[in-house]
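Structures for review follow.
Next come two complexes, and both contain chain A; in the first it sits with chain B, in the second with chain C.
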Partner chain A sequence: MNNLQKNRFIDQVFKILGILFTMLGIFILGVLIYNILKVGVTRINWDFLTSLPSRRPEKAGIYTAIIGTLDLMLLTIIFAIPVGVGAGIYLEEYAKKSKFSSLLEINISNLAGVPSIIYGLLGLGIFVRFFGLGGSILSGSLTLSLLILPIIIVATREAIKAVPHSLKEASYGLGASKWQTIKNVVLPSSFGGILTGIILSLSRAIGETAPLIVVGAMAYVPFVPHSVFDTFSVLPMQIFSWTTRPQQGFAIAASAAIIILLIITFVMNGIAVYFRNKWQKKLK
Partner chain B sequence: MAKEIEITMENIKSTKIDSPEIVDESTQQNASRIETKGVKVWYDDFMAIKGIDMVIKPNTITAFIGPSGCGKSTFLRLFNRMNDYVEGFKMEGKIKIDGDNIYKKKVNVEQLRKEIGMVFQKPNPFPKSIFDNVAYGLQIQGIKDKKLINERVEKALKQADLWEEVKDNLKKSALALSGGQQQRLCIARTLAVQPSILLMDEPTSALDPISTAKIEELIHHLKEEYTIIIVTHNMQQASRISDYTAFFYLGELIEYDKTRKIFTNPEKKQTENYITGRFG
Partner chain C sequence: MKIKEKIIELVLKFFASITILTTVGIIVVLLFESIAFFKSVSILDFLTDTQWTPLYSEKHFGILALVSGTFLTAAIAIAVALPIGLTIAIYLNMYAPKSFRKVLKPFLEILAAIPTVVYGFFALTIVTPFLQTIYPDLETFNSLSAGIVMGIMIIPFISSLSEDALHAVPKSLKLASFGMGATRFQTAFKVMVPAASSGIIVSIILAISRAIGETMIVAIAAGQQPQLTLDPTVPVQTITSYIVQVSMGDAPQGSIEYKTIFAAGLTLFLFTFILNSISFYIKKKYQEKYE
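And then the complex of A and B:
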C-alpha cells in the first residue's frame, strides 16, 4: 500500500468510527426515551397535570411541581440573564487587561465547573440563613442564578469575541461611542451566541435537584406557592422522591413526570432556537 | 474644544468654496490641516513610530507607502485616535488638526471621528440594510428627521458613485453587494457623516482592478472637498492619485515630498530602492 492509499484508508476508518460513535450516542438517548415513554406515557392525563401530590400513587399529580418549576425558572431568568450578560459585556468590552482581570477570568471559568451541590451549600448559607429567606422560591432561584451565571458570562464573552473587530472599528470610526457600538453592532451580531449560552444554562438549571434539596425545596408541597417567599417543589425533586418509593405506581408516575420535564425543556429550547433563527435571518 | 474644530473647519471649507482665487498662494501653500511633532508610538515595548514630524496640506491627497510593518497604518490611525483601543498602545508627541492638539485630555474623541472619516482595508459593512449602513453615522448622532436622513443617504451614495446601482434596493442587505460595491458603500457611509478629512487604509487591496479603478476615480473627485490620506502598497496607485507621497521605513519617515519628485528623483537611496522594487 503506498502512502496515498494508506491516507485514504485511514480517512475512511475515521469516518466510519465517527458515524458509529454518533449513532451510539443517539441510540442510547433513544433507548432511554423509549423506556420512559413505554412506562409513563399512559399515566399522563389532565388529572395528573392538575392534581396535588398524594400518598396514593394513582391519585398523585405534579401540579405544584410544574408551577414550582415554572416560577423558579422565571425568577432565575430575571436574576441571571441581566447580571450574566452585563458581566460578560463588561469583561469583554470595558475591563482593562490586568492581573486582576485575568484572575477574574480564570475563576469564572472554574466556577462553571464547580459541582452544583456546592452552590446549594452557598445558597443555604447566604440566602436561606444569612438573609433569612428560608426554603423559599426566592432562595432557590437565587441559588440557581449563581449556578448558571458563569455559564452565561462565558458564553456572552465568547459570542462577543466572535464579533469581527472590523465592524467595531467601522462603528467607532463613524463617531460612535463605546455604548452605541455595543448596542448597535456588538449585541446584534452576538445575540445568537448569547442566546445559545442562555438556552444551555437554563436547560441545566431546570434539571438541577441537588442544590435545591440543600436549599430546602420540598418533595411534598400540597399547595401552590402564592409568593416568592413560599416553600416550593420542582419537577426533578418530585421525580427523585417518587423513584425512591417502593410502590410500582410511583415509578410510573416518575416516568410520566420525566416526560413532562423533557417537554418543558424542549419547548423552552424550541422558543429560543426560533428567536435565534429569526434574528439571524434578519441580519442577513 | 469640539466646537472649535467645527468652526475652523467651516472657515476653511467656506473660503475654499466661495472664493478660491482670493486665497493667497503663499498662505495656501503654508496652510496645514494636520501637523505632527515628535510623534512616537509604542505597543508595549515595541517602538512602532520613532519620532515623526509631518505637515499635511488641505485638499491634497497624500499617499503613505512603505513595506509591511513600517508603521504607516499605525501612523494613519493616530489621526482619528483609532489606536486608543489597541492593547499596550502608548504615544508621545503632538498631533494638531487645524491647530488643535487632538491628544489633549479633554478632546471629544467621538466628535473628532465625525470630522475625520476612515475607510478600512477590507470592506466592513454592518450586517444591516444598505440604507441603514449609510444612515448609521447619522442615527448615532441622534438625528431623527427622516427627510434629512434620506437626503444625506442619497447624497452620500451619489458621491460614492453607488446610487445608480442600489437605488432600487436600499432595503437589501449590504452583505449581498459585491466586494467593490461594499467598499464604495463604506466610503458612502463615511461621507454621510460629512467629515472633512478622509483616512484610507489600503482601501483597494482586497478589490479587483475594475473596482480599484472606480475607487481611485472617486478619490480623485473627493479631493475637491476633502483632505485625503491614503495608505497603499500599490506604487502605481500612489503615483496615479496622490499629490504628495511619504515613504516610511521601520517606524521612521524617510522621505516626504511631491509625488512626482518621489517617483522620478527621490533624495534618498532607500526610497529609490523601494519604489523600484529592489526591496520591501
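And then the complex of A and C:
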C-alpha cells in the first residue's frame, strides 16, 4: 500500500468510526427506552396514576408525586419567569458597559456551571432553615427557580439580541419610550425564543432530583399537599426511592414512573423545538 | 411617565441582581456551616485522613475518600465521552452530509435532556448486569457502570460544544488544507482540531465539571462506601452521593453530620468553580483570537 492509499484508507476507517459512534448514542437511547418500556409499560394504568404510594409495590401509585410535580412547577413558573425574563431584558436593554454589568455576566455564566446539588444546599441553608420554610413545596420551588434562572436569562438575552435593530429604531422614531419599545416591540418579536428557553428550563426542572432531596422532598408522601407549606414528593424523587428498594415490584413501578417522566420531558422538548423552528422562520 | 420608566428599570435591575445574591448566598451558606464544622474537625485531618466515616461511631473526616470516588467516576465518564464525543463532532463537521446532520443533532440532544435519575436506574438495572456477564466479579454497586453511563450522558456536551468550536474555524483553513491534497482525516487532525483546540478544551473542562457535580447516577449505581481506591469494580462514594445519603436520613440541624454536607459541598463548589473559571478564561481569550 503506498502513502496515498494508506491515507485514503485511514480516512475511510475514521468515517466509519464516526458513523458508528454517532449511531452508538442513538443505539443506547434505544436500549434504554426499550428496556424501560418492556419492564414498565404494562404497569401503567389508571390506578397507577391515581393511587397513593404504598409499601406494597403492586399497589403503589404516583398520584402524590404527580400532584407534587405540578404544584412545584406552577410555583417555579411564577417565581422564575418574571425574574429571569426581567433580568435578561435588563442585561440586554439597560445595562451599560460597566464593572457591574460585566460582574453580572461572569456571575451568570459561573452559576450555570454550579452543580444542582449545591443549589440544594443553598435552599437548605436559606429557605428551609433561615426563613424557616421547612421541607415545603415553597422551599423546593424557590430552590428550583434559582437553579433555572441562568438558563432563562441566557435564552431571553439570545432572543432579544436576534430582534432586528430597525424595529427598535422605528419604535423610538415614533416617540415611544424605552419601556414602551420593550413591551410593544422587543418582547413580542422575541417571544418565541424566550418561550423556547422557558420550556427547556422547566423540562430541566421537572427532572431534577438532587437539590430537592437536600431541601427535604420526601420519598413517601401518603397525602396530597394542601398548601405551599406542606411537605411534598415529586416524580423523580418517587423513582429514586423505588430504585433503591430491593423488591422487583418496585423496579417495575420505577420503570412505569420513568415512562411517564420521559413522556413529559420529550413532549416539552418537542414543543420547545417546534416553537424555536417557527420563531426562527418568522424572524427570517 | 419618567418616574414609571425609572421604577421599571430599577425593578429589572433588582431581578438581575438576584443572580449575584444567589452566588453570595451559596458562598455564605457553605462557609458559615463549614466554619462551624472546622471548629470541631481540624483542616489537616480533613485534607489528609484517608477515611470518611462521619455516620459511624468511630468518626473520621478525610475528604480524600470522597474526592477519590468523585474523580474516579468522573475520569471513567470522560474516558468514555471524550473519544466518542470528539469523534462525533469531527464526523458531523467534516464528513456527514448536511441533511444527515440535521436529523442527528436533535437525537444526540435528547441524550442530554433525559433526567439523571433515569440514567441512574439504567446504570443499576441494565448496564451493571450486562457488565457482570463479561466480568462476573463486578459488584452490584461500582464506579465503572456509573462512570460509563455518566459518560454517555455527557457525550452531547462534548460533541455539540466541540462541533461549535470546529464550526468557528475559518473556512479558508479547511479549504487550504484540502487544496494541498490532504484527506479529511489529515485536515481534521492537523488543521481543524489544533485551530479549534481552545474551544475543544473548554468543552472538556465543562464536561469534567459536569461529571464531578453529577449526583443521581452515582447515588443510585456507585454505592455508598467512601474509600480511597482506583478499583472501578468496587462500591465508592462521591461527594454528591454522600450529601444525598445524609439528606435522605434525618441529620438534626447543628449535628456534626449536618455540618459535614456543607464542608463536602464547599469542596465540590471549589472544584467546579476553579474548572468553570478556567474555561471562562480560555473562552474569553479564544473569542479575541477570531474576532
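Going forward, the second predicted complex is superposed on the first by the 240 of 284 C-alpha atoms of A that agree within 3 Å, B and C clash if a C-alpha of one lies under 4 Å from a C-alpha of the other, contacts with A are read in each partner's own complex, and residues count from 1 in each chain.
In the analysis below, a residue touches a chain if its C-beta (ideal position, glycine included) is under 8 Å from a C-beta of that chain, and two chains touch if they have at least 3 such contacts.
Here the structure is a predicted model, which means the values were calculated and not measured.
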Chain C versus chain B on the shared chain A, clash or fit after superposition: fit
Which of chain B and chain C A:78 touches, first, second, both or neither: neither
Touched chain A residues, chain B compared with chain C: C
Chain B versus chain C as contact partner of A:173, first or second or both or neither: first
Which of chain B and chain C A:41 touches, first, second, both or neither: neither
Touched partner set for A:97, first chain B, second chain C, both or neither: first
Touching partner for A:108 - first (chain B), second (chain C), both, neither: second
First, second, both or neither for A:185, with chain B first and chain C second: first
First, second, both or neither for A:162, with chain B first and chain C second: neither
Partner chain(s) touched by A:267 [first = chain B, second = chain C, both, neither]: neither
Least C-alpha distance (whole Å) that remains between chain C and chain B when both complexes are overlaid: 10
Doubly contacted residues of chain A, that is, touched by chain B and again by chain C: 177
Residues of chain A touching chain B in the complex: 97, 164, 166-167, 169-177, 180, 184-185, 188-189, 283-284
Touching residues on chain A, where the partner in the complex is chain C: 7-8, 10-11, 14-15, 17-19, 21-22, 24-26, 28-29, 31-32, 35-36, 82-84, 86-87, 89-91, 94-95, 103-104, 106-111, 113-122, 124-126, 129, 146, 149-150, 153, 177-179, 203-204, 206-210, 213-214, 216, 219, 236, 239-240, 243-244, 251, 254-255, 258, 261-262, 265-266, 269, 273
Chain A-facing residues of chain C, complex: 1, 4-5, 8-9, 11-13, 15-20, 22-23, 25-26, 28-30, 32-33, 84, 87-88, 90-92, 95-96, 104, 106-111, 113-118, 120-122, 124-126, 152, 155-156, 183-186, 188, 206, 209-210, 212-216, 219-220, 240, 243-244, 247-248, 253, 261-262, 265, 268-269, 272-273, 275-277, 279-280
Sites on chain B touched by chain A in the complex: 80, 82, 85, 87, 110-114, 117-118, 120, 122, 124-128, 136-137, 140-141, 173, 175, 186, 189-190, 193
